[in-house]
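Read from first to last, the chains carry the letters A, B, C and D; within each, the first residue is number 1.
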Amino acid sequence: MLVVMTTHATPEQVADVCTAIGHLGFEARPMPGGQRTAIGVVGNDRRVEDSTIAGLPGVAEVIHVSSPYKQVSREWKPESTVITLDNGVQIGGDAVVVMAGPCAVEGPEKLLEVAGIVADAGGVILRGGAYKPRTSPYSFQGLGPEGLKILAEARKAYGLAVITEAIDQESADAVAEVADIIQIGARNMQNFALLKHVGKLGRPVMLKRGMSATVKEWLLAAEYVLSAGNEQVILCERGIRSFDSATRNVMDITAVALARTLTHLPIIADPSHATGRRDMVPPVARASVAAGADGVMVETHPRPSEAFSDGPQALYPDQLKKLMGELGVISGALGRPLATLPKR
Amino acid sequence: MLVVMTTHATPEQVADVCTAIGHLGFEARPMPGGQRTAIGVVGNDRRVEDSTIAGLPGVAEVIHVSSPYKQVSREWKPESTVITLDNGVQIGGDAVVVMAGPCAVEGPEKLLEVAGIVADAGGVILRGGAYKPRTSPYSFQGLGPEGLKILAEARKAYGLAVITEAIDQESADAVAEVADIIQIGARNMQNFALLKHVGKLGRPVMLKRGMSATVKEWLLAAEYVLSAGNEQVILCERGIRSFDSATRNVMDITAVALARTLTHLPIIADPSHATGRRDMVPPVARASVAAGADGVMVETHPRPSEAFSDGPQALYPDQLKKLMGELGVISGALGRPLATLPKR
Amino acid sequence: MLVVMTTHATPEQVADVCTAIGHLGFEARPMPGGQRTAIGVVGNDRRVEDSTIAGLPGVAEVIHVSSPYKQVSREWKPESTVITLDNGVQIGGDAVVVMAGPCAVEGPEKLLEVAGIVADAGGVILRGGAYKPRTSPYSFQGLGPEGLKILAEARKAYGLAVITEAIDQESADAVAEVADIIQIGARNMQNFALLKHVGKLGRPVMLKRGMSATVKEWLLAAEYVLSAGNEQVILCERGIRSFDSATRNVMDITAVALARTLTHLPIIADPSHATGRRDMVPPVARASVAAGADGVMVETHPRPSEAFSDGPQALYPDQLKKLMGELGVISGALGRPLATLPKR
Amino acid sequence: MLVVMTTHATPEQVADVCTAIGHLGFEARPMPGGQRTAIGVVGNDRRVEDSTIAGLPGVAEVIHVSSPYKQVSREWKPESTVITLDNGVQIGGDAVVVMAGPCAVEGPEKLLEVAGIVADAGGVILRGGAYKPRTSPYSFQGLGPEGLKILAEARKAYGLAVITEAIDQESADAVAEVADIIQIGARNMQNFALLKHVGKLGRPVMLKRGMSATVKEWLLAAEYVLSAGNEQVILCERGIRSFDSATRNVMDITAVALARTLTHLPIIADPSHATGRRDMVPPVARASVAAGADGVMVETHPRPSEAFSDGPQALYPDQLKKLMGELGVISGALGRPLATLPKR
């Protein structure tokens, strides 16, 4: 930590800050400069609460040097975390995974149809929302427990793993019994009570980045899950909010590559929500794999025009198949195969 | 609703869209233009789910004309909502309210001391967090139920109303028993499960705007509470996220004025979280009242350098007193008195 | 300056960085920490080009402590700059100035009519664009030199000072001969060639903040003008770009107050461009004065529906008059009168 | 165009708007809805200036349906524009081009060294700034005309094409005589006077996207160049500004793919400025090609720690070579070769 004093700070003010730092159990090292004095704080292997310092007279700024997160960082654990699902599929290893499915579970026949499409195209994980967090209270909110049952059937029928979203503690408990991965959506990324709760459920968690969360906040949110005892966390970049309405969000492709350097956790890209447009999903999916993503999650629907929600971003089945081929070539060029379903 | 076709859309595609609109129970009105055809949708007094239309061939864009929210809008209810608290203080009426207090409840003596400062300065509502949503799992998370007890004592001692944050359903139940107003924080603005829950608790709710929520999303979040049966909702603008780190957030002062035209709900400004800097709180508080806010919420602390969190933005007691004077003059200039505590 | 090393930086890497700092003519002060070593750079009263350091092995981050700007800062010149125009009006002194007029100069009769409205309402500076930077090449681009002539006539007729925009060096030369203040628009805030040029013209310059410029970049742009020899610079906050399309831009009201602490230059607010909506202009203008602005610039038009550009944000004459009254009361409450035209 | 009336608009107000539309030479088509009336404007194959309508009583909103740009759009010219440089290299055709070089031209020996590195790695266009737009007036501003001479020599020595930035009309004239492509930087994207000027110089122009420009504004800026008579325009995505400081900017990878659908102009990606970090350049460059970019521009330097500016983002020579190999495999997977220098 570094405390920067104002230009006109008096020697007494500098001394007072040094004393305060000492009271916190650290060592203060004043560094006089041409314009102002800065005071280094030595010996803090934990983060110092800066509020006790930042409010003192003469202090201009407090700068934190150490990362605020621990267990999620690559410095803490250099080797990549590999998560093995019940069907044997691994996330975060050599192979690149493709998760696909509809935005929402709409009924048993439809979901089985989609599951077949996904398995046929080479996907290994089925997505589909049973609990839907919707901006408007008047929009379709998902089938709930009924949707989970349908997911469980589709899972059994095709051997696909299943990922679906939890929106509160109750739904998280229900999801944990059925799904291979509990998804925490962007709007709940800083729902800390929920993060702590899923940290205790013993199932892999996929944490979507909040719409305007910094990478640091995202990693700190993941830290909530890890610090509650669950190391099986997958990150998911799904686009951030910007000033431009040309696409729904802005896919932060650099964050995909950056996450791989900052954390040992696997990173998945969601081009469907990042772009909101069917025709943008394939190029952005390809880009994500080229940038080093451990997988992509895309929406697909047999007849997108009939979808209950987010139809305009769902791929047609033949588009999904074509995309899988392209992803295989690009990941292959980087020395990574596409993950496949184990033989049954 | 308006459906805009692509330039090269065929007459058959236009006809298909009209048919689909008819199937939804509405009337389609094609309007051929120089470059492209647009199709008006007539008869929709509810919002049309656009996904069934937006995915059809030849459709370039779907534009919604009607507001997606209902009960929160001024068109729904032209007269301003006035919320009367147990101590007689009104929010949303003529008088401008000042809410003040520490970021977090830190202990019984300290809170009583702050409550005295607030009452003495002329504030009518005491703020203070018992449950603190913190970005890092390693930061102080609040005193919890113990903090609520302390708030209840301070409330009784000074006749102030109390506002404090709920972070999940359990804490919401606890807060509802003690506080006059349940606060929903920016990070939980789209925690829809929590919104529905507090919609059933029968206590006034103050809904902070999410860090990157549009005004429309904010009003839709409020709509969740109203549609669950609770009309006592207060909006709170607390700054939005931007590209500039010069201050913690960007106070969206226009949103304060805009909210008054779009909704009948009261609107409060929080310059402490919007700016994150003590010296910016007074000018931004003054600006908020000048823009038409129904009140302001500011942080204050007897000794900010000792605060457990957010010390750098807490006003010193004498700063609070001075600010109250300035706010009184400005609100008076606009024909609004400052709210005062009823005689006891 | 502070150089933060990575966690696993070797002692040799630390030593190499210290040597490199020495080669730059500064003193290196290593500060070993619990997680990593930081190295302070002492003796730099000018900004160190960090690229020579930031690229060295083992360096995680380089943090600059001193402000990158000089002459615009309050530390450089504590007393506020007061600019006196030819008609005796002062900007940056005690009095709050109101600049008003149409978006674009549309013809001699219309401008004289507006000038009369402005003078009658109590404004002291007439605005009006002769050169219009427009997003589309097909939009009205202004009357050019003819517009300047019209401005000169209106100036003479009513004793108002005149402000108008320059968009390149040629127009800047022409504007400097006619106008009291040369306006540099938001889109040209980092047109450094133009900034240097107007720095040599010896006329007051009003520099609008770029749509997504940080406060620091804005002050550095002003520094270009000052460093070219012109100290008569006025800053103008006109709203920044955000994710929300509810209003045209987001008025950064805190920046108005912040600028007063960071710089000695006067600061004007432009609520017309910040909001883009006529009904939002009065509340945001009031807020700006309450936050400490030295003046406001608003658009007005006798018949906004006929305006060549930006009609929806122009005030009707009676709205301007009413607003002037409100601004007078608020500025008076803060101990500042409204500026008036000297008797002629 | 569509005019949306307020909920309580009277029939007279609707009639007045229809009359005003008629006066503009268009046909009005009122569409009464459940909540409010909308009025379609038919017959406008040019953009209607909405200010005359938007200010009328009872009007809530004016929505433009047609694209504001013309000549840059794919609807105007369906086939992709291919630009052939003097050395035979084509941009926008089948082959993917790599532009590389230092941020700034630093001297003749150094530039020749870099040019050799670029040619050796397989690059076809040499970049290097002679005129540098810098945020601070105290930073290195480039060698100017001397820098252009050096670029011309390097161009001759290796047969590389040359791209370099112009910052005003004077420098644009000088650049046009020496360079194959005139670069317009992000800060000048809306310097319309400069855009019109380079539109008349008869040389290919590469237009970087402004830091916070929407895709629409970017295309409109390109339209300025085309409408001045120059169809040889290349777009360059270089990252947009966001709330997160984790990387310098946010690479808008979707904009690369989107531009290909909206416009016939070639699109280049600049991962160096988009990320600001050497280790992020290769993954983001790969992603750009995977998303469909017609080329990438990267910074390279023989010894980045000695670079005059932007050293931390410059690739080491061996990194450039390795990246070229990766780009070749990915572009090949999409059926596109890397462009090569013609035999001499």
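Everything below uses one rule, namely that a residue touches a chain if its C-beta (ideal position, glycine included) is under 8 Å from a C-beta of that chain, and two chains touch if they have at least 3 such contacts.
Remember, it's a predicted structure, so these values are computed and weren't measured experimentally.
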| item | value |
| --- | --- |
| Contact-pair overlap exceeding half with A-C, pair selected from B-C, B-D or C-D | B-D |
| Reference chain A; chain at largest CA-centroid distance | C |
| Distance between the centres, which are taken as Cα means, of chain B and chain A, whole angstrom | 27 |
| Length of the line joining the C-alpha centres of chain B and chain D, rounded to whole Å | 39 |
| Inter-centroid spacing, chain D versus chain A (mean Cα positions, whole Å) | 31 |
| In chain A, residues with contacts to at least two other chains | 46, 212, 241-243, 245 |
| Contact footprint of chain C on chain D as seen in their complex | 20, 46-47, 49-56, 68-70, 133-140, 167-169, 171, 187-188, 190-194, 196, 211-212, 217, 220, 223-224, 227-228, 241, 278, 304-312, 314 |
| Chain C contact footprint on chain A (complex, rising order) | 2, 4, 7-8, 29, 31-36, 38, 40-46, 63, 65-67, 75, 212, 241-243, 245 |
| Of chain D, residues touching chain A in the complex | 212, 214-216, 240, 242-247, 250-258, 261, 274-275, 279-280, 283-284, 286-292, 326, 329-330, 333-334 |
